[in-house]
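Chain naming follows the written order as A, B, C and D, and within any one chain the residues start at number 1.
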Amino acid sequence: MLEVNLPGLRLKNPIIPASGCFGFGKEYAGFYDLSCLGGIMIKATTNEARFGNPTPRVAETSAGMLNAIGLQNPGLEHVLKHELPWLEQFDTPIIANVAGSQVEDYKEVAEHISKAPNVHALELNISCPNVKTGGIAFGTDPAMAADLTKAVKEVSAVPVYVKLSPNVANITEIAKAIEAAGADGLTMINTLVGMRLDLKTGRPILANKTGGLSGPAIKPVAIRMVYEVSQAVQIPIIGMGGVQTAEDALEFLLAGASAVAVGTANFVNPFVCPEIIEQLPRVLRQYGFQSVSECIGRSWKHEKQPAHHRA
Amino acid sequence: MKKAHLTVQSNSEIADQIYKMVLKGELVRHFTEPGQFLHLKVSDAVTPLLRRPLSIADVDFAVNEVSVIYRTDGEGTRLLSEKKEGSMIDVLGPLGNGFPVRRIEPGKTALLVGGGVGVPPLQELSKRLTEKGVNVIHVLGFQSAKDVFYEQECLAYGDTYVATADGTYGEKGFVTDIIREKQLEFDVLLSCGPTPMLKALKQQYGHKEVYLSMEERMGCGIGACFACVCRTGESDTSYVKVCLDGPVFKAEEVAL
Amino acid sequence: MLEVNLPGLRLKNPIIPASGCFGFGKEYAGFYDLSCLGGIMIKATTNEARFGNPTPRVAETSAGMLNAIGLQNPGLEHVLKHELPWLEQFDTPIIANVAGSQVEDYKEVAEHISKAPNVHALELNISCPNVKTGGIAFGTDPAMAADLTKAVKEVSAVPVYVKLSPNVANITEIAKAIEAAGADGLTMINTLVGMRLDLKTGRPILANKTGGLSGPAIKPVAIRMVYEVSQAVQIPIIGMGGVQTAEDALEFLLAGASAVAVGTANFVNPFVCPEIIEQLPRVLRQYGFQSVSECIGRSWKHEKQPAHHRA
Amino acid sequence: MKKAHLTVQSNSEIADQIYKMVLKGELVRHFTEPGQFLHLKVSDAVTPLLRRPLSIADVDFAVNEVSVIYRTDGEGTRLLSEKKEGSMIDVLGPLGNGFPVRRIEPGKTALLVGGGVGVPPLQELSKRLTEKGVNVIHVLGFQSAKDVFYEQECLAYGDTYVATADGTYGEKGFVTDIIREKQLEFDVLLSCGPTPMLKALKQQYGHKEVYLSMEERMGCGIGACFACVCRTGESDTSYVKVCLDGPVFKAEEVAL
């Protein structure tokens, strides 16, 4: 009932921890067996190790949080030697989040990381709002996004998903350019750019000043974008943004996502992913569905009546 | 590292805007070192969204109780202060690595320096150290007379000096002034408090054995999000995570 | 301590109910004397009366709400004959929100409404996400936004503020184009485009499908944009997005806004504007300020130390 | 139209997922017509953000109490159902225009038709009408036996028929089936319930004097936001606001 098959990814269920919100899995493995997960999106990897931005790196907002980690990671070599081999003990596909400053950086990381035995797909991070070069710049320009996608597709040994930025006027335009460039899927959304000031100092709380807004606050923006993009492209979408419950996951499926990633909620409740997976069958049934695949895009597939109206 | 609902046994104001809350539950059994902290969900609502880190001030294994002492600062701690006896709180913990009591030998003298809401973890630390036969001296720093707490508790274990920034209680000045003026002698220094204080201590006593408990804004509290990193100074990219590797570090492990 | 002088607007305090969240004032006049307000941004006016979108028109989200009213209003003539004259009894300047489908529509409304005696400024709504033509289309294209601004400036008898859409990749680019076109000020932000699905029907809750997201959820996005735009332009900004308290208002001032509009919060608490006005002096003092003007842009005016650090 | 904090006098489940809450406060004095509603802030948190509209079911001026009856549907009503006796709720009200009791003359027969959580406002309406000497007949529609409530209260005022969609209680069918089958005679029809029911009533009895209480998602509840409009059918742009002009309308005033 929960299985979903996507390019490169045979998911036993549609629930995947989102990149940057699950490290390389080690910490959460202390709470539960990671094999229960549909897949794992590991922290963004760059060719060289990065420290990221100065602290403070997080701030809280109404129903959300801002982060400006700045792609801190131990670098490609370390990820290949230590993190990925360690993750092999779990029966779940890894989606490697790939970042860089230039096309060449992305290519280098993609080429090598896509050859790791448990990496079943790449997620091109062209939407990180917290780095000065690369990241979001690629994600707001359709031509640049397409070129990067093409370049990475050439070197990748596994299907390539591209992660979209919500900080654009027209997300379907970018999505279509990326599809045309050969992407196998899309993941969306990354964070919205935001800021919070500390009234006591009069300055931004985050040392980086701006940060990426995530959590329940952004769910309506994410749902809208998944709804629009899923109707404009043929490739599958992994949806995310504010998912906290199985009901939220269902909302993303109905909007047009084929699988759902959970980010910030892992910080609030380390067990959130297995709990959603456990609840999902009941929630699907409650709303009249027999399987995940049946829900996908139901909000706009008007030719078919929702299951519980058939009877 | 567990997640559980603990029961509020009591929750009351012990100084100006400073509250002490006692929590009870099985999770307490997992406590190992003074300086570890709890990550509390202060509300079931989506705002405040993130958990709040609070140091464990005191542990009573006999009855499975821990206490935390906190200042009502923003929305999260204000909501916490409204929790009634008998209510349940979703707690992750105990988290992190505390002060290394095991490494301090009996007969040695430990100087415990606390600033503001950095004072609480020193209580359990004092208890453990004295149990072990280590001599303890306390230096506590506060803003003003109305903020002072825990002086009595500390006196039970050893000499205790209090400094206030405005001189309305104890000595006027900072903890570092007291250490210098009173010419306090010690083998090891253990401290928890605001970063400027920790920095001053590291600068002046960094040649000695010094342990500092660090504070940083946190996301996950368990090492997954990279929010709470602190540079070690070794290389451009080397770091420790306050939540996972700390919050207590040897002074030389962290670049302040 | 609370006065602010802006082009066309002598505000006795910086608190203004936001357009569309206060009707034409009548309902709130039942709760308090509107003369206490810094100003009033009235509901968008178009040349002809409009019914707007079908219902449901609102949906709730985490720390926010979606609306798709669709610029319902009684039309220019009715506003000139009935609403504005009624508002003359209050000692507070009116900012008339002007909307339309084409440049000509905006010009027509602007020309006439700007001549009403109590209209002290116009607010060009080029950012409404809930209408098919006009609205947001003007707000996401710098050239179109500039042309419209120029056209309206030619006919307006009072200063013109332009209301920016947050649904863009680069808001400073648009802001600068609008400034260059002669705008007297900016107001920001309008709502983010969002959607919520009804799990029971599998369809969007709003009849219009998408709606505009407002409320505390969007405050970090608004603060970030005010912070960025206020450093890029010379004209003043009226900031808005999620303001509920005097502290929120101060955050907008520090970010770079010269006055602050309050929208959704009026629905939650009809007294919110007078309550913020009452609280503001205490909150200013608490954070070391003697006046509103002193706070404006403090978050980025690094040459000056915040007041409470001087001592 | 006032804003005040009312005290929860009681709050309990009276049918499956149907709660009755009694609220006390000065604001009650401003109540004028059955069918008016309250706009309640169910939580101090920013989620749920908006108020929730609930019809006034019953008023007791002697003790300044009103009751509301609600189904726990989503997050807001669930939070409401958790309110304890003695707690305070921020209420805006009484809002809107109710059923025009003044226009219905003594001796006439009024048919009161309620569906689901549209039943509550009929209680106060029945009371007022009978006080005035109007004969009342009730037809109440529910999904199933477990959902039925208020039958006893209605019986105290006049004949009462209950229909359930699944036939597990009373007659099987819809309220319109009962009116037809029992050949109920009346001078005026007053109804509150789901839109499809109101639509059917308007269609079948629109030539008579019919008053309908409408439901629409609301923003402000006071007429400022244009969320709750309903077309009148007069012109392309003509409308009424459910919160301000209604929620009760003459059937011909609203296009359903």
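Going forward, contacts are C-beta pairs under 8 Å (C-beta built on N, C-alpha and C of every residue); 3 or more make two chains touch, one makes a residue touch a chain.
Listed by chain with UniProt protein names: A, C = Dihydroorotate dehydrogenase; B, D = Dihydroorotate dehydrogenase B (NAD(+)), electron transfer subunit.
Not measured: the values here are computed from a predicted model.
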| item | value |
| --- | --- |
| Farthest-lying chain, centroid of Cα atoms versus that of chain A | D |
| Chain A-chain B separation of Cα centroids, rounded to whole Å | 36 |
| Geometric centre distance via CA averages, chain C-chain B, whole Å | 45 |
| Multi-chain contact residues (two or more partners), chain B | 46-47 |
| Shared-contact residues (touching 2 or more other chains) in chain A | 62-64, 215-216 |
| Category of the chain touch graph - line, ring, star, complete, other | complete |
| Footprint of chain B on chain A - complex, ascending | 20-23, 26-28, 30-31, 43, 49-52, 55-60, 62-65, 67, 69, 72, 75, 205, 215-216, 244, 264, 266-271 |
| Parts of chain D lying in touch with chain A, wherever the complex brings them together | 46-47 |
| Chain B - residues contacting chain A, complex | 1, 3, 41, 46-51, 76, 92, 216-231, 236-239, 244 |
| Chain C residues touching chain A - in the complex, by the definition given at the top | 61-64, 66, 140, 167-170, 192-197, 199-204, 209-210, 213, 215-221, 223-224, 227, 242, 247, 250-251, 254-255, 287, 295, 298-299, 306 |
| Of all residues in chain C, those that touch chain B in their complex | 62-63, 216 |
